[in-house]
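Naming follows writing order (A, B, C, D, E and F), and every chain is counted from residue 1.
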Amino acid sequence: MQRLAERAGILIEALPYIKRYFGRTMVIKYGGNAMISEDLKQAVIEDVILMRYVGMNPVLVHGGGPEISSTMKRMGKEAEFVGGLRVTDKATMEIAQMVLVGKINTEIVSLINKHGGQAVGLSGKDGNLIRADKVAPRLNGDVPVDLGYVGDVAAIDPSILVTLTEKGYIPVISPVGIGTEGESLNINADHAAGAVAAALGAAKLILLTDIEGIMRDKNDSSTLVSALNISAARAAVSDGMVDKGMIPKVEACITALEAGVERAHIIDGRIQHSLLMEIFTDRGIGTMIAEEGEKVAG
Amino acid sequence: MQRLAERAGILIEALPYIKRYFGRTMVIKYGGNAMISEDLKQAVIEDVILMRYVGMNPVLVHGGGPEISSTMKRMGKEAEFVGGLRVTDKATMEIAQMVLVGKINTEIVSLINKHGGQAVGLSGKDGNLIRADKVAPRLNGDVPVDLGYVGDVAAIDPSILVTLTEKGYIPVISPVGIGTEGESLNINADHAAGAVAAALGAAKLILLTDIEGIMRDKNDSSTLVSALNISAARAAVSDGMVDKGMIPKVEACITALEAGVERAHIIDGRIQHSLLMEIFTDRGIGTMIAEEGEKVAG
Amino acid sequence: MQRLAERAGILIEALPYIKRYFGRTMVIKYGGNAMISEDLKQAVIEDVILMRYVGMNPVLVHGGGPEISSTMKRMGKEAEFVGGLRVTDKATMEIAQMVLVGKINTEIVSLINKHGGQAVGLSGKDGNLIRADKVAPRLNGDVPVDLGYVGDVAAIDPSILVTLTEKGYIPVISPVGIGTEGESLNINADHAAGAVAAALGAAKLILLTDIEGIMRDKNDSSTLVSALNISAARAAVSDGMVDKGMIPKVEACITALEAGVERAHIIDGRIQHSLLMEIFTDRGIGTMIAEEGEKVAG
Amino acid sequence: MQRLAERAGILIEALPYIKRYFGRTMVIKYGGNAMISEDLKQAVIEDVILMRYVGMNPVLVHGGGPEISSTMKRMGKEAEFVGGLRVTDKATMEIAQMVLVGKINTEIVSLINKHGGQAVGLSGKDGNLIRADKVAPRLNGDVPVDLGYVGDVAAIDPSILVTLTEKGYIPVISPVGIGTEGESLNINADHAAGAVAAALGAAKLILLTDIEGIMRDKNDSSTLVSALNISAARAAVSDGMVDKGMIPKVEACITALEAGVERAHIIDGRIQHSLLMEIFTDRGIGTMIAEEGEKVAG
Amino acid sequence: MQRLAERAGILIEALPYIKRYFGRTMVIKYGGNAMISEDLKQAVIEDVILMRYVGMNPVLVHGGGPEISSTMKRMGKEAEFVGGLRVTDKATMEIAQMVLVGKINTEIVSLINKHGGQAVGLSGKDGNLIRADKVAPRLNGDVPVDLGYVGDVAAIDPSILVTLTEKGYIPVISPVGIGTEGESLNINADHAAGAVAAALGAAKLILLTDIEGIMRDKNDSSTLVSALNISAARAAVSDGMVDKGMIPKVEACITALEAGVERAHIIDGRIQHSLLMEIFTDRGIGTMIAEEGEKVAG
Amino acid sequence: MQRLAERAGILIEALPYIKRYFGRTMVIKYGGNAMISEDLKQAVIEDVILMRYVGMNPVLVHGGGPEISSTMKRMGKEAEFVGGLRVTDKATMEIAQMVLVGKINTEIVSLINKHGGQAVGLSGKDGNLIRADKVAPRLNGDVPVDLGYVGDVAAIDPSILVTLTEKGYIPVISPVGIGTEGESLNINADHAAGAVAAALGAAKLILLTDIEGIMRDKNDSSTLVSALNISAARAAVSDGMVDKGMIPKVEACITALEAGVERAHIIDGRIQHSLLMEIFTDRGIGTMIAEEGEKVAG
């Protein structure tokens, strides 16, 4: 009985957060360990389904994980580099797309449906969701380097997402864009998530990572920055304070916030139910980036 | 952090129940101590708002509480009896209606709105919600005794409830019916709740009382009957096993179940958040009456 | 036959007015003798139902009548005064609300439904309809006098009115507002009607009173002012031309007109079917206040 | 003032009838003097517009009047007969259609729109409204006589009527049907009205004629039959009690009633506002035919 | 087989045009030989039905053809002239309307329905579609000449067209307008078509004529102007380059284009399926007038 | 000009077929050479887009083609056999799914979108579209042979297809089903297409193959059976008349027809635009199976 009362109390504590986000869109970048460990996977999926049932519209964007590389190896494909940058040739892109769309995405959809949600998998090609431009960074001198089938988000057409969420489906998106010739382009999943959040006017963008958040010293948890504003975030990138792997995440947050998303969060996907911890508490976890940057409620 | 994880875990444990009752109607008879103690009042209101936000359609029917008698006393009105039965004369009915509709109902509406819900108060007269027939029990011999303005539910027109719940409002209903001449009739609140649950095809009818449930010995908690089927419930009434005050509650449950309501519950309103305890656990609390009568999930 | 032809002719004479107000909202302040005499009551209710059937959206706001005082007396409650002003303490407010919401409002709803309409009673608390601020007039010096539970309309949320009128219901509103702490506040019914008319963009605000209209000499019918414009109305208040009891009515008219209501009328509720007389004739009856102030059609 | 009060009283007397027919369809056969006299024309049009504004769906079917013959004469076209029956050859049909659709119908539409309604003219060809079969009565022996372009209603497709009435338009229908080859066929306007009423499930079919109703002696008003049931109506036709010109009217009534129309009325179109007299009184005017045949309300 | 493959190929060639005009409105002025020859009539009707089925909203405006004059002659009516201009007296207008609305329009509706479309005939009076002002040109000096029942389009209310096209009907419009007194006015059909196209924001206005298009020398096909812009079109009118009969057509095109219609076309209605030829090819046929005036795709 | 006229004529010839299938669903099994040759691919895609634009709802189910085997080979995976039957172990299923969902499906979606359609790719897992049961054929004796991740369609939930087609999207489905444990099962694409057609109540099921249709002698085109009824189709299977590879196709046709699909077609996907040839002609091409079995229109 005591136990029951405690449970009821905790549900009631969740009420203010449920009210606040009722009918709002939450874009979640799903990657890292949360995609590998069976326990973490299940916990993330449960969090997402709960979010849907209490009235939010969760939209998932997943990353690639280690499976692209392992599949490439199995297919005897070696990585190629130009000017120090990894090149995605046609065969690589084909493998990446098979793994992203035909394996990872389908598995996430399976898991959600198995646990009682209604998911639909999408690549950026479905319903012309993500249009992209080829990336050609200028390295030394002014010579643009052709990295092959790699792209930056050019435009999001959210119609298919609206069609699906209105009917209660949870969209799961693979980071594959459509090039100007209709070809597939590999897109950074963090950037894709940021752009989708921006296009949907989401309440939050939440990036699941393998680290506690942005830290002044990445080996010292006590240096975690729990909140910063956009200009501080920009400074942290340009000052080299944030780790290289963290840069696209911070960029995605800035993209989303500038388009009107209220808050962006970089949280630790290695903690079970970290999504709920972020959403259903005032303090939140990890690092929040917001226009104003102070850590107020949620 | 430990605390946060626990909270998340408990939210996840609620998920199966949220799924099960998503979009379903829950009729709650609100009475007894839960209407008097400030703490219990607030807890019931929070429970109801939470139910609404996680996708259920709660509908409240409230009882009279001790306020009708105290108001009558203040107005110098004495109770009248005929053949041992209390009579509701015109003046008494007027006072009862003022207290029910103009005080108790309005207070519940206030509380819900103050806590972030959107309630609308109704008497059985609004939108012709509850039509009633005068009650005239035959006491000794065949002589029907005129009890005055007391009625039994004759018909429910749920249109106004549907109009309101579709727009997200929580209806709060006073047990006042419309007689054949348009006059107000006092109606047993348990019966009103049972009839409303029946008319709405509710998933559950939940009666909040001041006792743990149906008990073989009402002074011994260990004799609580946690589940019984309709015929056992009928037998319990006719055998005199259930207390006199419990009879209309059991009758309301039977009315609702016969019309297709899935489960009816008599639970202890003196326990904080007893509504959530009932809804969000398999074992439930109090006494469940159902067609099949075994205490399965929820 | 002659009689039939006359009737048909009169119906046809009503056609231009029916066309003009088709689909338009009419806010009616219902008070005074029209609420006491059985004959007048029935006539008002018939007028309102007819208005609904010929395509208008009537919304009623009722006043208190003499019943609040009589109920207070029966409950041994004496009126209190501070600095010459009547004070509404908590107990008084409670009684007022019981009488307004639980007696007067319910009776009007009953009558409408009995005559074939579909009414729903509301207080300002239902669906957060009327938010109010406490009134604290500064009397002598600068000292604000606490009049207790008395308020001025702060904001109207017309959503619940729209929900109901769209489905064909006639809303009947008690002048009780929600204070900043969620408490009930007594509100002048004329002011409430004016604010509701303003919020709904009504075509007309019609105030039923116990006098023929605004008169230069209130004992001489021949001094009736049949039309005046807003500035004349304001002047009439400040010049003391209008009687004290008439002031809130004129204020309500001004509030409504400034928010875009087309015409406001103060008419004699002691005349049977005065509502129809006002609506279905060019000359109208009583005093019309309008932006332009000339007595043109309707 | 007295006058105003009388008017209001008469409007209130109309209320029960307005309620009864709210949202119901009324099919009116418009013919005879009511189509010729300017005063009667205007009165009918006002009646129809009033019906629309108080919530009914009036649908007009008009007849030919004397204009077909006069136009034929002007065009040097002589009437032809076979076996004593008038023949409608191609040229005659063409003229009839021009007069019906291009003159009479358009004029009625004009009048309604000029008086504030929204009418749309239709022939039976628009939206495939009236399909018809050629009529070939067997006269002497078994030889069918070819009467040319004359038809009986075979089927009504009411879709276009529903489309128009839902948007508030008043349909005005010319009695021209579509033959099996797509050719125009002349149709008896009474029959067309009966079939349209049947297809729409109208509340009433009202036929405006130049006589007071069915009379036992057509020269003696005192022999007017104010009500009869279907079998009596059938008998009246077979017994020769009803005049030849009255037969198609009685047949139209029977067709409509058998398909579920509640009442059919043959009334005197020479009386101003006879439509309103019929609809807004219990006694009605003229002859009512109904399944049960007794003259109850309406 | 070869034949089948060719057919499929041609259907595929139509695809880009079907895409381009999907959901767009096409206003077609139907007149001249295309209204007289049986073969051409059928071809136009088939074209229009095809347009509807592949997702366009065709709206037809028809002209008078030679039938008005022939009917007038049959009715012994002689043409009248004032100051060299033809006068339309009341009788003439009546005949014109009968022929337009009761003959030509009905025939077109018949044909469309016979071939599987769903047409509804309208005059400018139905649903108050075309309001018109009387024309009174000032001839010699400043004296306006009364030409009788002749009008210019004053305003289009497209509501009835929207109601019909939304339900899949094809509207067929007779060029009859409503004068300020509700009287019928004869309107130039080209002007009517231009005004309707303007009011509907059509994609195209297409005028079917008896000539190949605008030609520098109307007897020499090789002088056909295949495209010109608005100012060139205006110049062509003022320079006298275009034939007198062509002037209202060019004016209609200019009216439509100035209101936002994309392209206007004057094409040869003597060629079978010229409508499809215009719509389903890049080069089109006849003369195109457009804002920019160069003959780009379609 | 001659050419234009011919084109128009052919479009008009298509009209009866467009009418017949307007708003109807067409399920197309897309496989074989039509999926390999670039020219054939483009032709199929154009056919499908044209079908959509002229009002049909095309739904594609694609097969695997040779790419699954080639990818397996590249990944060093050898085929396994039990009792002569091919076994799909977990790794093979993973590869099959990657190729089907992540390569073939995505390519088809890309092509459709590139040519102006709006496609969305689905596996049977999206929105719980295809539930399947594991197949375990009993080979010799009664011993069921475990073929691994191979399934038969158990149930189709067409909700996601309805959601997408209502908004104008073209669904493209990979033949992957959900097993009872949520695992992916390989499903015969012909069977999947048949089941989807059955669930959607399609007008037609069309299977694109690499042969002209069902032939009595598969090497002799002149033995093509152009139409047969269900019982003849069943007999053809049991008599061994149809080739082994043809059996699932005929089975799919029977499944669809028994569920109410009107016609099923096995046509030659090696012919450009064979889809249009089938749909837009009376004779059709290939073999039609229908309940009645005679080759009537379409």
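The rule is short, and it goes like this: a residue touches a chain if its C-beta (ideal position, glycine included) is under 8 Å from a C-beta of that chain, and two chains touch if they have at least 3 such contacts.
Since we're looking at a predicted model, the values are computed, not measured.
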{"item": "Shortest path length from chain C to chain E (each step joins two touching chains)", "value": "2"}
{"item": "Euclidean distance of C-alpha centroids - chain B vs chain F, Å", "value": "57"}
{"item": "Rounded Å distance between chain C and chain F, as computed from the means of their C-alpha atoms", "value": "70"}
{"item": "Arrangement of touching chains [line / ring / star / complete / other]", "value": "ring"}
{"item": "Chains listed in ring sequence, where chain B comes first and chain C follows it", "value": "B, C, D, E, F, A"}
{"item": "Footprint of chain C on chain D - complex, ascending", "value": "1, 4-16, 18-19, 22, 43, 46-47, 49-50, 53-55, 116, 271-273, 276-277, 280-281, 285"}
{"item": "Contacting residues of chain E [partner chain D, same complex]", "value": "71, 74-76, 94, 97-103, 105-106, 109-111, 113-114, 118-123, 125-128, 159-160, 163-164, 167, 169, 176, 178, 182-184"}
